[in-house]
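Structures given as structure tokens follow.
Look for subunit A in each of the two complexes below; its partner is subunit B in the first and subunit C in the second.
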Partner chain A sequence: MSQPKEIFVVMSRCTACKSCEIACAVEHSKSKNLYGAISERPVPKSRVYVEWVSPDGKVPIVCRHCEDAPCMHACISGAISRNDEGVVLTDSDKCIGCWTCVMVCPYGVIGRHLEEHKAYRCDRCPDRETPACVSSCPTQALIYQTVDSFSRDVRKDVSGEMLAGEGG
Partner chain B sequence: MAVDKISYVIIGGSAAGMAAAQAIREQDPNGIITVLSEEPDMPYFRPLIPYMVTGKKSAGDMQLSGNGPYNGSGIDIHTNSRVDSVNVAEGTVSVKDQENVSYDKLLLTTGSRPYIPPEIEGTDANGVFALRTLADARAMAERVSVTDHAVMLGGGLLNLKAAFALLERGVKVTLVVYSPEVLSQLMESDDAWLIRNALDRAGLKIETGCSATGILSDKRGVTGVTLDNGSEMPCQMVCIGKGVRPNVEFLSGSEIIIDQGVVVDRYTTCSTPDTYAAGDVAVTFDPVTSERIVTGLWTNAVEMGRCAGYNMAGRKTAYSGTFGIMNATQIADEPFVSMGIVHTNNTDYEVHVRANGSTYRKVVFSPDGDRLVGVLFVGNITGAGMYRYVIRENMPISEMKSLIINQRLHYGYFMRS
Partner chain C sequence: MSDELNVKEKSLDPAVQQMISKADKQGIITVWDRYEAMTPQCGYGDTGLCCRHCLQGPCRISPFGEEPRTGICGATADVMVARGLDRAIAAGTAAHSGHAKHLAHTMMKMAKGEATDYSIKDGDKLKAVAERLGISVEGREDMEIAKDVAGAALADFHEKETPVLWAATVVTPGRVKVLSDLGAVPKGIDHEVSEIMHRTLYGVDADAVNLLIAGIRCGVADLAGCYMGTDLADIMFGTPTPVVSKANMGTLKQDMVNIALHGHNPVLSEMIVAVAGDLEKEAVDAGATGINIVGVCCTGSELMERHGIPSCTHSVSQEMVMLTGAVDAMVVDYQCIMPSLVTVAECMGTKIVTTMDLCKITGAEHIEFKEEAAVEKAKEVIRVAIEVFGRRKGKPVDIPDIENIVIAGFSVESIVAALSKLDAKDPLKPLVDNIKNGNIRGVCLFAGCNNVKVPQDKNFKLMAEKLLKENVLVVATGCGAGALMRHGFMDPANVDKLCGAGLKAVLTAIGEANGLNGPLPPVLHLGSCVDNSRAVALTVAVANYLGVDTDKLPVVASAAEAVSEKAVSIGTYAVAAGLPTHVGVMLPVLGSPAVTQILTDQVKDLTGGYFIVDLDPESSADKLLAAIDERRKGLGL
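Up next is the complex of A and B:
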């Protein structure tokens, strides 16, 4: 099999429209549609966070599914493991809500589901070909690719810009 | 050409030992990994044992192997195998009532055991517990059937967890704390009011400023506790939570240097060749205070154990130390995180507190105001890991300062700057 895909963030393209947050919450709802999701209790939670940095930076922050995932090793109940695709998953049944993962995640992307007393995090949308946040992004600020093809695209863009610069 | 397989022997089958075994297996698919554990149970997630008291989890639910990151194969675990001594010159360990085991690389992860204050009389009575092992938890669960009232000696996290497990079983529980407030290791009295309110709401009775002098018992076990204020409390169970001590006695007579715990360098190596130590038994250091410390936290033990495992298997890895204070949990309905320097009374640290009726967030800066050195979050602990990152990396925080004080820090800041 080929390399697994990752979610890449192109910050310059983010307009902070928060479509990704909505799509993520809907994907993780029972009804899986916006109309149903907004009336569900507990309210479905987004696992992606669009933040703002002064003066005008917009940054979508998603779980990196770290190679050396601190949350997975810190977990005191064995609830966090990595699947064959490299996705780090929290098993809600095993989670005891001790929040150790929240304490060690440097990205701040592990949420606390207060109603259920469980930690929640990005699961890369197991039922979808492309994660909901990526599909919903109107400006392609979120890209779902392998590391190799993403870096190839970046190289192409950069060399195109350099050539244009030389020509002008 | 045949290559000799390295024989790794790990003494202790809990967090540090099993994390090391996993790390070794990731690096060395062929090495022989032997774990010697004195416990009768196969390795388990020790922090889950209060659930044995409540009955919400079985021993099987707490098994370590096959859960979380622990999927390494060919890890040979021997239970009921207590190591009596280590012979570094010969490269062997002596196991009680069993044959000696020889090693190429040895890891000491014997952990710690509860400290039982010798000044308290009668601690050997039936019904006196210090909740440490799955076996302790089983015995405690059994004693519940004859217990109306339990007295917990010590107001640390472990005793609070045990207290809540007993409350859940319908036992009346009184916590006896010498300090003016519970959790004094993790927060100051002035910072603990949200937790204290939660404990009161949960029905836990707390006696502060006193300690036990003796435990009374008859044939059937504990009947009461005497306190240093002259009072006496009838009870059928006592749980002692007065801290832990590293298990190092079996090393006396070996050349391995001990100073409280096993002394190691930054690469988790002991003073003798091919000997490593990690977890509660090892002396580590705090990157914030630079102090040498012995900690007792699952998460620390795993991190240090993995580091030791990598070093043993030939991937040189420095251990970056850990905060002397670091813990996250939920007590009753209040979550909290405490890490780094959080005791600030009569110091010149720069302290900022943001509090309302349901949250309390205290951030501590160095006296010159330029480094974050500690945080205590109660109620709302969102994003705590980022603050840990800032403390641990000793980052200059000038531009981030207002974000930290107002708890508006997010990772986007690090990506854009």
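Up next is the complex of A and C:
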């Protein structure tokens, strides 16, 4: 079985330009373009967040689609489920806006849509090959890869450093 | 096949398409590659919601109306967008008027006998301009008058008792009142630019409407700079009269020393054209058959309208002329010169020569131009090209076999002269009569640049096609004119194919009366981007003839593929003059619904003009036609 891809974050590459936030909101709009999206109602929402940790930490946070997802277990109305690709989704028709998912999410990446009275979250951009946040990132701080491939890249990098360390 | 599709999405110009494919094959990076690498572009910048005016920033406001809703200082989206727009207008004004000031200094040096290579080529225009400014001409030598005109021009830059003369004396009396009531009469051109920098500073103007009115005032100062640029260039280099020329890369010649003159100001390029003949022998000695001068961008338009120098390419495709491998030197002055030229030149063996102190490019050869030694400097520049030719001689080149016939040189003076062949006593009457009877439904000015975000020339071409069929008289300047000339819109042979019956009849009648044995070209080339002043002058002449203000006329403008901040300031003075003004790319204002609303609607109540922002050429043309029809109705036509 082929491995699903996940969105990984390379924190050191983030410049906090927030391009991912805009791209995410635009992708979740009706018009799918910025000029149209900014005047739409309900307001299109970003599901990725760039947080700041003093003094200069920049951290993009996006739903991890946890294997053992607390939100899914906690949802009282059965609105949250996992699809075949492993993506955890909120069915907005079933959502009753109780915010239990918000309460249990360890990353704080489930939002409350005040106009729709529904919870919203990353859906991994079902209409796109690569999620909009990843495509929009100018510094490749966001990477869309399988866990295996991401880990292999990390191992390669660290191996180089280990060898260099041994040599020095 | 996919490659072919790919180049068509980049440019509609077949010569440019060939050169894009060549660049791809050779791995030469061009503007289209850099654009691709830049996308997706920042949404905050795109909507005007990014501010770097102080060191607490950068600040950005959510375009979705969420947090953060203001900058750190508290500036709202409305304020941030209006400040950003004002600075763009100020930059555009600084550029056009810097060009004009350069001409004014040159004229002053000429009048004082310090720049003896320059002379007065059109004494009648000198006197007409002097009289308009209230400078006496009776019994005075041309050089004395020129000194006063140059003095008046330089005086228009600083704040003084009188308003900017090149603004106040060039619009209708009604427009003077409209602008005065609005507080939009500039006090000094440089003063307005400087004041914009002040009011957009940290903690100054935080009222979007007040900011926008200052922007309009600065836009009117830009009109003054453009108008002055045209006037002074016409006086020193001649007022254009119709001239036959050619456009596109087929104008380069394998066995000649090819010099591409690129930029804006004729102060240098006129001298190069004037002395090229003297150096023919040196070129022949180097193995060439002669010297071939071509223009790029607005320098090209300035030289084409006065001397029929061919125009090689424009705006976004400026790198492409070097891909031919046939350009020996590209000589630049200032504005719209992409720094990337140096990199492409290195690949192709072209020498880039910068000539102005304010526009040097690392990697280019700099030959500082001096008006006091103009001929000598011009020769020095040409000799660089001859030397490069010596190395290029005999090597293969890829010159696309594409050129178009162009009839250029339509100044207001030459248009009136052509019309006077139909009615010597009342030359504007035939034009106005044909507007009244509907043979000419309205007039549209195409201006501005080619933007990499639009397939090159697409908006200009599709819009002009539609408007011409609907009997709209189309005039064009700058790289808008460049776009249309490279697609045959300035070749009289295409009138049949392109123009509606009414327009065709008018163009034919004027052409026949002037002994052309055929019509005028479908689109009239008014000149470079400062020559947008000619469009204003023509509009004002017609308005005065009819005894109405310019905002009542069925005249519209379009910067269909705008790039430069100069296009923003031109658009602003078009709106200040009362024209519906289309922009075919997104202005960075959408982040403020209030500012967007003012620019596209409410400003109509103040000046009669307004912006139409539409990226689709078909619906843009429809909107311009609707604006024309609305005005015809207003005039009872």
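Throughout what follows, the second predicted complex is superposed on the first by the 160 of 168 C-alpha atoms of A that agree within 3 Å, B and C clash if a C-alpha of one lies under 4 Å from a C-alpha of the other, contacts with A are read in each partner's own complex, and residues count from 1 in each chain.
Everything below uses one rule, namely that a contact is a pair of C-beta atoms (placed from the backbone, for glycine too) under 8 Å apart; a residue touches a chain by one contact, two chains touch by 3 or more.
Quick caveat: nothing in here was measured; it's all calculated off a predicted structure.
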item: First, second, both or neither for A:Cys122, with subunit B first and subunit C second; value: neither
item: Touching partner for A:Val62 - first (subunit B), second (subunit C), both, neither; value: neither
item: First (subunit B), second (subunit C), both or neither touched by A:Ile7; value: neither
item: Partner chain(s) touched by A:Val26 [first = subunit B, second = subunit C, both, neither]; value: second
item: Touching partner for A:Thr100 - first (subunit B), second (subunit C), both, neither; value: first
item: Residue contacts on subunit A - larger count, subunit B or subunit C; value: B
item: Which of subunit B and subunit C A:Leu89 touches, first, second, both or neither; value: neither
item: Partner chain(s) touched by A:Ser135 [first = subunit B, second = subunit C, both, neither]; value: second
item: Common interface positions of subunit A, toward subunit B and toward subunit C; value: none
item: Residues on subunit B engaged by subunit A in the complex (per definition of touch); value: 19, 45, 47-48, 51, 63-64, 67-71, 298-299, 302-303, 306, 326-330, 335, 337, 339, 381-386, 388-389, 409-413, 415-417
item: Complex interface listing, subunit A residues touching subunit C; value: 17-19, 22-23, 25-26, 34-35, 37-39, 43-46, 135-136
item: Residues on subunit A engaged by subunit B in the complex (per definition of touch); value: 9, 11, 49, 51-53, 57, 59, 61, 70, 72-82, 94, 96-100, 102-110, 112, 117
item: Residue numbers on subunit C that touch subunit A, as the complex places them; value: 40, 42-44, 46-47, 60, 63-66, 586, 590-591, 593
